[in-house]
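Across the two complexes that follow, chain A remains constant while its partner is chain B and subsequently chain C.
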Partner chain A sequence: MFAEKVIELLKEAERNPVTIDPFNDDKIRQIVEEMHSLFRMNMNDANATMENKTLWTTVQVRHSALERNKRCLLAYLYSRMVKIKTLRWEFGAILPPDVRELLSDDEYEWFSKYSTNLASYMRSLGQDIGYNGIDLTENLKPPKSLYIEVLCMADYGKLELEDGDVILLKKHSRHFLPTSECQTLIRQGILQQIT
Partner chain B sequence: MFIEDIKNDFYNVLLGNRVLLLVHYDVDAICTCKILQSLFKCDNVSYTLVPVGGIAELRQAYDENNEEIKYVVLVNCGGTIDLVDILQPEEDVVFFVLDAHKPTDVCNVYSDGQVRLVYKDSEENIPNFDDIFRDDEDEENEEAENGREGLEALVERRRERRAWEERRNTLMFNYTQFSYYGKPSACVAVELAWRISRCGWAAVWAGAVAAAAQAALHTRAPAAALLDADHLTRHLPAEHTHTGSRVSLEKDVNLPLYRRWSLEGALRHAPALAPALRLHTVAGQTRLRQLLADTGIPLQQARQAYRSMDVELRRSLLTALEAAAPKHKLPDPTHTTFLLHRVHSPTLAATDIVYAIMGLIEHETLPRAEGFQYALSALDTESGDNEGRRLGWASAQRALEAVARLVHATLSARQLHLAGPFSYFIVQEGTAEASIVRGALWLGVAARWAAPASAAVLASAPAPRAPGHCLLLGVPPRYQHEPRNLFGAAFEQAATKCGASVSLDHVDTSVISLPVAQRAQFLDALTALLA
Partner chain C sequence: MELSDENIDLSDNEEEEEITAEVVLKTLQSAWQNERLAPEILPHRNDMVECMLGQIQHMERNVNKLPKTDLRATIHKMELSRIKFIICNYLKTRLSKIEKFCIPILNEERQRMESGTNYLTPSEYKYAQEYLMNMENHMKTVVLDQMPGNMQTFEMSKMADHPNMRSHVFLKANDTVNGVVLEDLAGEDEEIDLEEGSQHILQYKPIADLVKNGKVQLI
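Let's look at the complex of A and B:
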């Protein structure tokens, strides 16, 4: 039956709504082949039966199958595109190699273009009020405060902040720092957030 | 230089700048730090907070953190020393000093804007500038003149100069002979919070704890302490917080930690009552039982945890103790203190928090810096118990027990030696008490406990961080009424006289550390000096 393969493809993709699957190259090629053959058969019948109108129904059925295949394929590609978009927000501009493998070449190209677009947009933000850009991927929700209080858990040494200030992180000293500066150090266990 | 307007000249200057906050290890400083932290948090003033224990640590902390820092706030340290001389700062660094230790160093007072003292105490009799500083220009062109008149003028000038110097020395001696404490820094911080309309219950509570600390540690005369409390009650916010906790000034039994202890335990270890009971004697034990009998509280009830005591007994405790105390010639067992009422949680007394913080910063095992972090969290006002308070209370109970054991042992073994104008006792190294009573705070509690009426007491204990050294602190006579301490200046003079290598590193000048081997020699010199 027509359009069976494409439904299989969609069902497969639907089973995994959150993460991204490997790009199903094989199946898509089969579907495209099916579409090509449908198109050829329709061309033949349409050319042969200019006067014989009995075949018109067949042509129409084949045509709607063709259209359906096309719509389903587009839906498949679109849903993948949305997922790739979230990848950019989750992983940043550089994808880990195992995720990179799941994308087709075209998808990857789209990803890089999206990435550059987003980066240049973020750079342009807030230029009128003196900031040189805001990293939108950092906080997906507006943060409660820009600064947090942290306690230093180890002798780390000097830390240079973005604005050029140098602070000494020594065990048992407390600091009140911009949230963005501390996140990595908190993850490393050098700083501890005090709530 | 003193600041005129605490909001515009102090707080608004800090806004938008990085601030280095150097905080001394004492209850008042920690309370002040808590208030300042909450203010800085509201205004996104980024700061670095380093606790410092003495002048050497202060210098080290400043040297390590002074990069790119233009504003330094010193809490309860640095006021009594010449900051510019000791720290050698860059010209554009500004120090704001919020120090309850007095007298303030005159170089700080007359500093040209680099050192700014946040609060001016009215009690301080600071000598006038012209009386203590003088341009020495005339000395250079002294030789230029000659002839009879020139010579006469020269002699006249020299005589005048000598008179001035003499006068200066007397003035400076009068000014520096006593060390004492001024208004708690935390009360000044509450005032600041109130000026910038951010005085919440948490700030008032921190101020209340600081005020209670000065009362409990007898660092401020009772009348002055009452005035501080009065200032605080004026700043009580009108409305309740969303958590429903509030602070009130109430009459309470003057027993430390009795809400977590048993009544008998608290009575035995109360620094205000226990010395009068003389518990190291057999009669003292009887007196305690009699006191409990007079209050109508059965021993069984008095020995169990206070929170499980009969509700009726708990309610009548205050009046019963007040009625029974005069019979046994005890001092007034009540005092006015701040209480923090919390929803669904037991009430906290400011005095209890004072002991918790003391227990934390002079914990027997915890490093001081770690105790400092716990102490900050012990000041939180939200419901429930937190780790800091629990740890602090447990440690404070152990410390009070050790202090009681120590004093009883000292008194019953007649180890309180009389040396002319003062008595002294020494905590022997290696005893169980020495591992707990080793900081200045608990040693001070022990010294006041052992102090006979109207005589000065010195106490010495092995120093915690330097082997072979010991801590020596002095409690002035009649410390309850007049806490001005003469030992600061006396120690300094005795040290120069006997040539002992005394370290005057402590911010409170009545605490010094010196090598154990030189202790006897030093005490002899001190006796000779004060006799």
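Let's look at the complex of A and C:
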């Protein structure tokens, strides 16, 4: 049956609505091949329909299969793009290597472009009044308290706080820090919030 | 004569800014609330955002002058981070709408720009264009270019995602509005009056304009 592979592809992508799977290069290639063979068959039959009108329906069915394949492939790409966007908000401009591996090269390039575009938008915020931009990826959650207690998960080294104090983040050490300054580190997995 | 006119203008402006710090925050909060609840993108309130950012800068400078142990400093800082969150979340909500409904927003925005009633700020507009271009390029390089000849085009109209204008919203009337026409699916139109302070659940579409001119507040 036509367009069966593409459904498999979409089902596979749907199975994990939150996490991202490795880019299925192989299946996409197969689907594109199917499209090409459909197209070739259609071309032959389309030329033949001049004499034989009965072939016309066959051509139509194949054409809708082609359309369907195209639409589903684009949907696959789009749903991945949506997931990749959330990666940008979670991890920032630099992806951890294990996440990076799940993206294809083209997707990674799209990610960098998205990231650059977002960064230049954020830089433009409040420029007229002398701000040099706002990082929207901070403050993802409404602030509950100014300071939170965090546990350090890895040896990070020195961290300079906004007020000029320097603290040393060592593995297994506990700190009481301003919420706004540890958000990024928490997302990177260096700090863990203890409630 | 002209000079004195300008003077009056200036002092007026200053006075306005004096009053607003609180009003600005209120306006910003209601803009944020509307933006979060409305299905479509609303006209930007960049003036309010910038004004508030200026205030924050000013307040931060003052707070930093206080000793760290001062209770006032802690309270002010908390308040500041709340305001910052509102601004960030407001801008982010707009961005996610821009991304989702990129194609219709850009099309409508082009028409609006001609009449000077643009909804997006210049940088949001730039962002939207860039976003759409990146998406198109990505889809082209990954699959569309490998496809057979007649399947290669990137069809904007087929790719467009439209906001659901028929979704229902909760709202509160700020002013009395008479004669809001509600379309019925059966074709029977109904007219209702919104009294000041009253609350309703209605379809978004008939009241979209009222949200934009501040006559009603989404809740």
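Here are a few things to note about the model shown:
The criterion applied here is as follows: the second predicted complex is superposed on the first by the 140 of 195 C-alpha atoms of A that agree within 3 Å, B and C clash if a C-alpha of one lies under 4 Å from a C-alpha of the other, contacts with A are read in each partner's own complex, and residues count from 1 in each chain.
Methods note: a residue touches a chain if its C-beta (ideal position, glycine included) is under 8 Å from a C-beta of that chain, and two chains touch if they have at least 3 such contacts.
Owing to the predicted nature of the structure, the values given are computational and were not obtained by experimental measurement.
In the superposition on chain A, the chain among chain B and chain C reaching more residues of chain A is C.
In the superposition on chain A, A:125 makes contact with chain C only, while chain B stays out of contact range.
With both structures placed on the common chain, the touch criterion links A:68 to neither chain B nor chain C. With both structures placed on the common chain, the touch criterion links A:114 to chain C but leaves chain B unconnected.
Once chain A of one complex is fitted onto chain A of the other, the partner contacts of A:36 are limited to chain C, with no touch recorded for chain B.
Contact with neither chain B nor chain C is seen for A:27 once the two complexes are overlaid on the shared chain. In the superposition on chain A, A:180 makes contact with chain C only, while chain B stays out of contact range.
Looking at the shared chain after the overlay, A:5 reaches neither chain B nor chain C.
When the shared chain is aligned, chain C comes close enough to touch A:138, but chain B does not. Of the two partner chains placed around the shared chain by superposition, chain B is the only one that A:168 touches, whereas chain C remains out of contact.
Within chain A, the residues touching chain B in one complex and chain C in the other are 145-146.
The part of chain C that touches chain A in the complex is made up of residues 49-50, 53-54, 57, 64, 68, 74, 77-78, 81-82, 84-85, 87-89, 91-92, 95, 99, 123-124, 126-127, 130-131, 134-135, 137-139, 141-144, 146-151, 158-159.
Within the complex formed with chain B, the chain A residues making contact are 145-147, 149, 151, 158, 164-168, 170-178.
Interface of chain B with chain A (complex): residues 18, 37, 40-41, 44-51, 64-65, 67-68, 367, 369-370, 372-373. In the complex of the two chains, the chain A residues touching chain C come out as 28, 32, 35-36, 38-39, 66-67, 70-71, 73-74, 77-78, 81, 85, 104, 106-107, 109-110, 113-114, 117-118, 121, 124-126, 128-131, 134, 136, 138-139, 142-143, 145-146, 163, 179-180.
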